[in-house]
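Order as written gives the chain letters A, B, C and D; numbering starts at 1 within each chain.
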Amino acid sequence: MPSARHFTLRFSCPDRVGIVARVATFLAEAGGSILRSSQHSDSATDRFYMRVEVDAASLGISLETLAARFTPIAEELEMDWRVADSAVKKRIVVLVSRQMHCLYDLLERWRSGELDVDIPCIISNHDDARGLVEWHGIEFHHVPVNKDNKAAAWRKIDRLFAAADADTMVLARYMQILPPWLCEAHAGQILNIHHSFLPSFVGASPYQQAWERGVKQVGATCHYVTPELDQGPIIEQDVTRVTHNDAVRDLVRYGKDIEKAVLARGLRYHLEDRVLISGRRTVVL
Amino acid sequence: MPSARHFTLRFSCPDRVGIVARVATFLAEAGGSILRSSQHSDSATDRFYMRVEVDAASLGISLETLAARFTPIAEELEMDWRVADSAVKKRIVVLVSRQMHCLYDLLERWRSGELDVDIPCIISNHDDARGLVEWHGIEFHHVPVNKDNKAAAWRKIDRLFAAADADTMVLARYMQILPPWLCEAHAGQILNIHHSFLPSFVGASPYQQAWERGVKQVGATCHYVTPELDQGPIIEQDVTRVTHNDAVRDLVRYGKDIEKAVLARGLRYHLEDRVLISGRRTVVL
Amino acid sequence: MPSARHFTLRFSCPDRVGIVARVATFLAEAGGSILRSSQHSDSATDRFYMRVEVDAASLGISLETLAARFTPIAEELEMDWRVADSAVKKRIVVLVSRQMHCLYDLLERWRSGELDVDIPCIISNHDDARGLVEWHGIEFHHVPVNKDNKAAAWRKIDRLFAAADADTMVLARYMQILPPWLCEAHAGQILNIHHSFLPSFVGASPYQQAWERGVKQVGATCHYVTPELDQGPIIEQDVTRVTHNDAVRDLVRYGKDIEKAVLARGLRYHLEDRVLISGRRTVVL
Amino acid sequence: MPSARHFTLRFSCPDRVGIVARVATFLAEAGGSILRSSQHSDSATDRFYMRVEVDAASLGISLETLAARFTPIAEELEMDWRVADSAVKKRIVVLVSRQMHCLYDLLERWRSGELDVDIPCIISNHDDARGLVEWHGIEFHHVPVNKDNKAAAWRKIDRLFAAADADTMVLARYMQILPPWLCEAHAGQILNIHHSFLPSFVGASPYQQAWERGVKQVGATCHYVTPELDQGPIIEQDVTRVTHNDAVRDLVRYGKDIEKAVLARGLRYHLEDRVLISGRRTVVL
């Protein structure tokens, strides 16, 4: 049932005639059987985006050899590129606060194998999640954040992330605002789930804001974290219907289900190397 | 198949014990068979909202008699109230500009009997829709609007609306901003369909704004028109999924389907006396 | 934030003039402040359904006293009725097999207080879930089911359910078919989540069936269990979009999110005494 | 705003290494700039599907020349293939009965240019739609169908379709069942909108069936017509939420909006040569 081991090549580059021909011919000459391929020409920026999964067994060469042979093409076409091996698990560090619905959801996906990653550690500004996390055999770090120790806390989180040798940091309802330097140091690597349908209801208490405005649907947004609060490129969004009958606590409750699903989808797209950033937008191939 | 002739009573009043008992007992003593009833207590404002449909045949009295007998109760309970007879058609005036998807949609619903109203006239700042409207046997008024004649144009529209003896004005993708005095003169009577999921993307070119922000769903909002642009109480909203592959013109195209459906639903709720305004929010019973 | 303690009265009875008046007057005379009320007249069966939440503090009498005083009205109107006290937690027993996404989801809702019930025990035909369940401080029973011991297994489950003094049995992806006698013994008390949008794809492997038929959306259904497989009254349903690109394993994965959300919503409606059965249909007030 | 003139090449063929390379190289050598491309490998059937839009201006050759040069590749790779020129409008014939919501919807899309096709004629078994159709400048044929003249009616419709030189026949709520010979003569060319979420509620009165089963969502399905009733490959589906409060006539009304949207989307995919049939399934590229 699982998909075969594959190498994933993804890139973006200035658009021109013949890019697909070059890439596909390169792969065909290496014997590569294409499992899945998608591409996008963005006419607004005149840039081309592509992602292709190649059956590793069909190639008969290592990822390193493939990358070495592809480098001249990538340089000639001025690509921003990357290759990944599906047999090498990505590593994610999860940050949470007191609400645990996203954490439970991620842990179940991880334990069942749906989320096929390593989770070297989970960090929280509260100690509440320790028991659950450690029961799952995952290291837990309690890093309190208050107005006196913020700078030290962010440095500690950055060190833990580095020590974990992780690719991705997931803010799974982590209720602290990361400093600009941390966002910039890991641009394109930090995912957040915001509990509103952005750009509506930026900042604190979005469900309270939504109730006051009387909207008929509430939503959630998974986006990359950038130094500007809630302004990063959007990866995935969804909404659910509410009525005048629903109090703020009901909006919060409905919202939890959307947050879980949207974060899980956005994270999966990211981990499968399907998300390419294009300014304030994302291309999800 | 159509529902039986019924009288609809709706009101809001300060919340207290015994309101339902008073109203239901009044109706039962008149022999009234309740077809549908719904109510809402708003704890934020301590106000009670109720709507009840009574089988007209079961009552054996006229709407006027019913209203006269109900008046003392309404006054005692300090109600903001109204009764309507399903046998008396509501009258709507529709305003359009060049895009006709909402107009076609309303005309089909009207012609098939789904939208069971009279449409005394349709007004546009362009002449394009005249043929279609007149083919349907509906009066058409071309009222051009430009920066020199705006004041006169709004007065003319107001006179046409008054002459039509209409209850409701429907802005069916009418691309002009009504002046505050007109909005205030017909508060709670003018419905607009805005082509975004408010409060996102207020004002002009919402689909362009949505594309630039890279949202993954676009929507539409049916709301009452108030003097503040796109800030009126929301009656109905919906969204549809888009991807990076969709250009602004695709967003516009997907949006048209949402606009039609959301306007039709919001208008229906309004015409069935199901919408009660509560500050910036609506209660849709 | 939580709602005030309330008594919930729900009933169905033959439709006639004056039911709401009788019930509302009874409650008003007891000083009862109505927090939420909804009702439904079913013209196909000529039956009336009602549910009302009354603020317990406003009544100043016990649930027993309320019930005793209401009994004559209920008998006169030939009601099928029930009253419940929000301060008395419902008790649910959960049955699972190997897949744990619904179990994790229910446990998180229970632990966070969103699902405000007691869970005296969790039963499974496999031992896999024991650790997680016991970590949550909940009793776990491993009741293997195979073709030789089925009759004994069903009797054991029935005894465990009785010993747990539970109201509701939740089949949270329990992959065994309960025998007719067990379904009948607990009619209206057993909820199942079926992994298709019923009535499509009854029985085994619904995602495989869905893939073969090439549907463009897959869904899940929460329903009461009756002796006829997958034919019980539907409480809640939802769907999600799929494409030709999705293999059966992808449909399974998308489906998990729908199953969790639909089971949680259906169970909540049931526990709040909002679901009344009307033949093969449900009225969700 | 409209997209540039383009040639669309689509094909399916047995899967093997190097197909994309062959096709992309062929296009690149002709100077072809790829506007949009998508492909799909179906592992169940070991077949490969591809669709590519090439900027016509970048090629500098006619469609005929392109096709002639491509033929040897297509033959070698055993392709089932087609090329189309976006400047050549497709031709559709629409069949309707008494309900006109789909017809109004298609006419508005056609008149506004969103549906960029020629409509040589519209056929109905009733005369009701004549006025509207002729007002739009489209030829109308009234072809009554009753149990005595069915064979003659089908032959007449077949002749009208042939005379119209049309590519596609659209059953826009046409309430007659076409005979097998007509379905087979135009396999892959006849689209139907069925008013249920197939495979649920095949045949007559699906909304009545849906009400009786008590489903919580109703839907519509756009599919290719095959000799087996409602069994053809599904192109597009959608659903909308309903409640116990909705009578059959409400389900019908909600369903109309889904039918319009689903037919319009399915028809668009078909006309853009995005739909490839794969047994009972479709690949929508």
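Going forward, contacts are C-beta pairs under 8 Å (C-beta built on N, C-alpha and C of every residue); 3 or more make two chains touch, one makes a residue touch a chain.
For clarity, every value in this text was computed on a predicted model and none was experimentally measured.
*Asks:* Please identify the chain with the largest separation between its CA centroid and the CA centroid of subunit D.
*Replies:* Farthest from subunit D by mean C-alpha position: C.
*Asks:* Could you tell me which pair, A-D or C-D, is linked by more C-beta pairs in contact?
*Replies:* Between the chain pairs C-D and A-D, C-D carries more contacts.
*Asks:* Need the CA-centroid distance for the pair subunit C / subunit D, whole Å please.
*Replies:* That gives a centre separation of 41 Å.
*Asks:* Using mean C-alpha positions as chain centres, tell me how far subunit A is from subunit D in Å, no decimals.
*Replies:* The answer is 37 Å.
*Asks:* What residues in subunit A touch two or more of the other chains?
*Replies:* 36, 245, in rising order.
*Asks:* Among line, ring, star, complete and other, which best matches the way these chains touch?
*Replies:* Per interface graph, the chains form a complete graph.
*Asks:* Which positions of subunit D touch subunit A when the two form their complex?
*Replies:* 17-18, 20-22, 24-25, 27-29, 31-39, 41, 58, 241
*Asks:* If we count contacts the way the header does, which residues on subunit B are in touch with subunit A in the complex?
*Replies:* Residues of subunit B touching subunit A: 40, 42-43, 197-201, 212-217, 219, 233-239, 243-245, 247, 278, 280-284.
*Asks:* How about subunit D: which of its residues touch subunit B in the complex?
*Replies:* Listed in rising order, the residues are 1-2, 36, 99-101, 104-105, 107-109, 111-112, 114, 131-132, 135, 245, 247-249, 253, 256-257, 260-261, 264.
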